[in-house]
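Scrolling down, you'll hit the structures one after another.
First chain A sits with chain B, and in the next complex the same chain sits with chain C.
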Partner chain A sequence: MSRASRLSGFTTAISGDTDLNVGIVTAKQINIDQSFTFTNINVTGVATANNLNVTGVSTLSNVVVGGATTELVVTGDARVTGILTVGTSSLTLNGDSSTITGITTINNISIASSGTYSNRNVFDNGAMKIAQRRTSESGLSNNAKFIFDRWSYRRSGSWGSNSFTMSQETVGAPPEFLFYMRVQQSGTAAAVPSDTAVYVSQGVEKSNMSTLSDGTTGTKECVISWYARGSRPGTYSLCVVKRGDTSESYTTTYSLTTDWQRFTKVIPASLKQWGDTLTSSGKAMDVYFTVAGDGSSSGIGTDTLNSWTGVPVGLVANTQEESFASTSSATFDITGIQLELGNQATPFEHLPHAIELERCRRYCQHFTCGGSGTATGANQTQSAQGTVNYTPEMRDVPTITFGTITSGTNNTGNISAFVPRKTGHVCGAQASSSGRQFWAVGLSTASAEF
Partner chain B sequence: MEQLNYKLCPEQNKTVIRLNDYASIPMNELNRDYQEYLEWVAEGNTPEPADS
Partner chain C sequence: MDEMNVSSAKYYKLEGASENEGIIATINGVEMQIPISTGNSEYVEIMRQVDAGTLSFEESVVFTP
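Now for the complex of A and B:
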């Protein structure tokens, strides 16, 4: 058959190597194996074509395209008036609600799954930039100590002759970072004593945890990320403790190597709020990165991992690497610690130095001060006073550690703080005798850390 | 472990002095150093009296 103007009424298929040009084809089903060109198509049933060129089509419905490497090519404009789903529900474009969902990465940058895009990090000083007190201290053993701002050396149990050094390091920091924290074994290298652990820890104020809280009902899913490496590879522990009326803990593990890695852990939502019964300046959570620990301890070890547990005694996983304390000069390095809303760890948020410092000053400030007056007798403590104001206001009334009197007259050397407040204090030097008195004190510290 | 020692401050019983570093510690239960002082007292220790 070579040519026809109208064909209808076929009850059997036309097959074989034929050349058919028709004006109108009305069919309930068309199956085409060879090249075929339509100028107008109106198929009310099922149409299947292996090589289909379509021009002048204004409406397609229930169209399935498939079978080739590139399954659909649109060379002109395309408009989808409904919802476009790409992949298996992975990416959805909804023009009706002006939303795009399902994107996790653009140009290799992770996109937040929830929350704002600035000031995402709940932790302060995650990049270990700020160390107002000191940049290194050795002999750390059984007393907690702040070397870095906000990040402290903490311990459980009693460590014998083993001790540790905490320092701010620069050489060998991971890309984009200037600083990292190093914890190094010092003192006598010995096996971890029973029920003992050393942590890198930060406590977070309740007022800064509100973004991770779900109203009055509980907490939201959040994600913690950090960069770490160590000279003693193995399994290390991380524990988040929720403070409040009934404390809860979430312990998990990660595999530390000798190379820098970025680790991420999603902390699931739970029913209790962060610091539910506490005031806004109270400590709503602690995070503990275990450096050395007795994971098999009945007191601090736990085999309950990756779930919230009611009593925060098991801070250390029972698989915790235990060779750190027994290896002379073993090192544990960490920086870029970030805690944020959602389950997608975004790139570490580098804050300007001044902003990071200002955040830290809510918890620790240096000051100098002095005063003058006239004592009417020896040992008076308020005869020559000075005033110190804190900027910004501190988290709570701070502990004040005065430096030494660098100049003055008629002083015993003792200085006291009066009427301490979150906003400042009055201080006075003790007079050694009656008469004119003045004094000036060097670097002093106000600390309202947890 | 460093042995802690404290001394009461004469000013209206609002601060206590930690003699190890002469820190003025406010008597505020939210202050971590005061919490440490309370633990020290609970262990049976007694601070030195304030200067008269």
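Now for the complex of A and C:
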């Protein structure tokens, strides 16, 4: 049979190596096991084909393509008017809502599950680039100290002669990073005293935590990531403290090795806000990376792990952290610290140096200043004023530490700040007598840190 | 847990002024000029220590304008 205009009522199969050209075919079931071409196909029943080449517009419903290993090959355009679900998980493409959901990784790059794609790191200076004050200081003891901008050395409890060095290092930094922070045991190595700990810490301003907040009802899930290594491998801990009237802490642990690793920890949502009753420039959060501490302390070693708890009595220290203080020149290295919305740690967001510096200057600025005038008597402080302007505006009215007067005449050496504001201040050097007066002060610091 | 060793603190103001300009304090061995601001960490810590009775203000300094 070579041509027919209409076929119907067949009760036996048409078989054999024969061409069949027809106008309309209506059948409950068509089985085709050779190459075959339809120009228009409308199948409402079950259709099975080993090689189906569709050149026209067809309507197929309830189509199952292939078995366990068969692919669907489309050589031309394809359109799915409904929702395309891929795999057994939840990757879906929805044309109606123009959304793709369920993607976590593209080309080995983790994709944020929510939030913004730029400026997503809540922490400042996570790559340890900025160190305005100094790049190294040894003999660190009980007093909090900022070596790096925004990241501080902290020590609690009563220590003996044990001390530490914090420094900005470059040699051996992990790939993509120029700098890292090193904390090194540098004093008399000795067992860590009871109820003590050494931390690396940053406080975060409430206004920068809004992306991690869920309106006025609580906080959203967020993820913290960092690169670290140490000469004393073992279990170390970090603690996130939510500040405000309803302070809470979340403490977790990680396994440090002698090689750089990237660590990630998801911080679950909670019902209490970051910094609840605080003003927008208040400290809504602290993060503490424990470098050394008393793991057996009843005060700091017993916090509940991996759970939001009430007002913290201290931070967790583990056994390995105990040996840090008793090991001469033990080192703890860290960089690439990032806190962002969601449960997917994205690659560390490297910011240009100038932008990172500007962010840090909200909390610390250096300045020099001078003034000239004529005093009409001794001890006058307003006869030779100078003005300092802060750019950008600082978080709060800063504490000022003046340098020494590097040049001048008719001065007692005392300089005072007047009309202090977030945007700047007036300063004057005290005249030692009447007459012409001028002065210039060297490197001075305005700090609005936490 | 944060340690801030305040060894001295005194208010300062200009002669004739009704309000203090700030506090001159020695913290961790360094002389600083601290604003009277509840958002300033050093000011908050000084007032905490004063309230706790572990620190007392010295006699105020009055500067000649």
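One rule holds in what follows: the second predicted complex is superposed on the first by the 365 of 450 C-alpha atoms of A that agree within 3 Å, B and C clash if a C-alpha of one lies under 4 Å from a C-alpha of the other, contacts with A are read in each partner's own complex, and residues count from 1 in each chain.
Definition applied: contacts are C-beta pairs under 8 Å (C-beta built on N, C-alpha and C of every residue); 3 or more make two chains touch, one makes a residue touch a chain.
Everything numeric in this text was worked out from a predicted model, so none of it was measured.
> Which partner does A:407 reach: the first (chain B), the second (chain C), both, or neither?
A:407 contacts neither chain B nor chain C.
> Of the partners chain B and chain C, which touch A:433 in the superposed model: first, second, both, neither?
neither
> Once chain A of both complexes is superposed, is A:380 in touch with chain B (first), chain C (second), both, or neither?
second
> Tell me which of chain B and chain C touches more residues of chain A.
C
> Touching A:448 in the superposition: chain B (first), chain C (second), both, neither?
A:448 contacts both chain B and chain C.
> Touching A:156, do we find chain B (first), chain C (second), both, or neither?
Second partner only.
> On the A-aligned overlay, A:306 touches which partner chain: chain B = first, chain C = second, or both, or neither?
neither
> Considering only touches as defined above, state whether A:329 meets chain B (first), chain C (second), both or neither.
So A:329 meets neither chain B nor chain C here.
> Please indicate which partner A:197 is in contact with in the superposed arrangement: first for chain B, second for chain C, both, or neither.
Second partner only.
> Please write out, lowest number first, the residues of chain A touched by both chain B and chain C across the two complexes.
On chain A, the overlap between the chain B and chain C contacts is residues 142-143, 279, 281-282, 379, 381-382, 396-402, 416-420, 448-450.
> State the interface residues of chain B toward chain A in the complex, per the touch definition above.
Within the complex, chain B touches chain A at residues 1-2, 9-11, 14-15, 17-18, 21-26, 28, 30-34, 51.
> Of all residues in chain C, which touch chain A in the complex?
1-5, 12, 14, 21-22, 24, 28, 30-35, 37, 39-43, 63-65
> Using the touch rule from the top, collect the residues of chain A that touch chain C in their complex.
Per the stated touch rule, the residues are 142-144, 154-156, 197, 199, 279, 281-282, 314-315, 377, 379-382, 395-402, 416-420, 430, 448-450.
> Applying the document's contact rule, which stretches of chain A touch chain B when the two form their complex?
So the residues of chain A touching chain B come out as 141-143, 158, 279, 281-282, 379, 381-382, 396-402, 414-420, 447-450.
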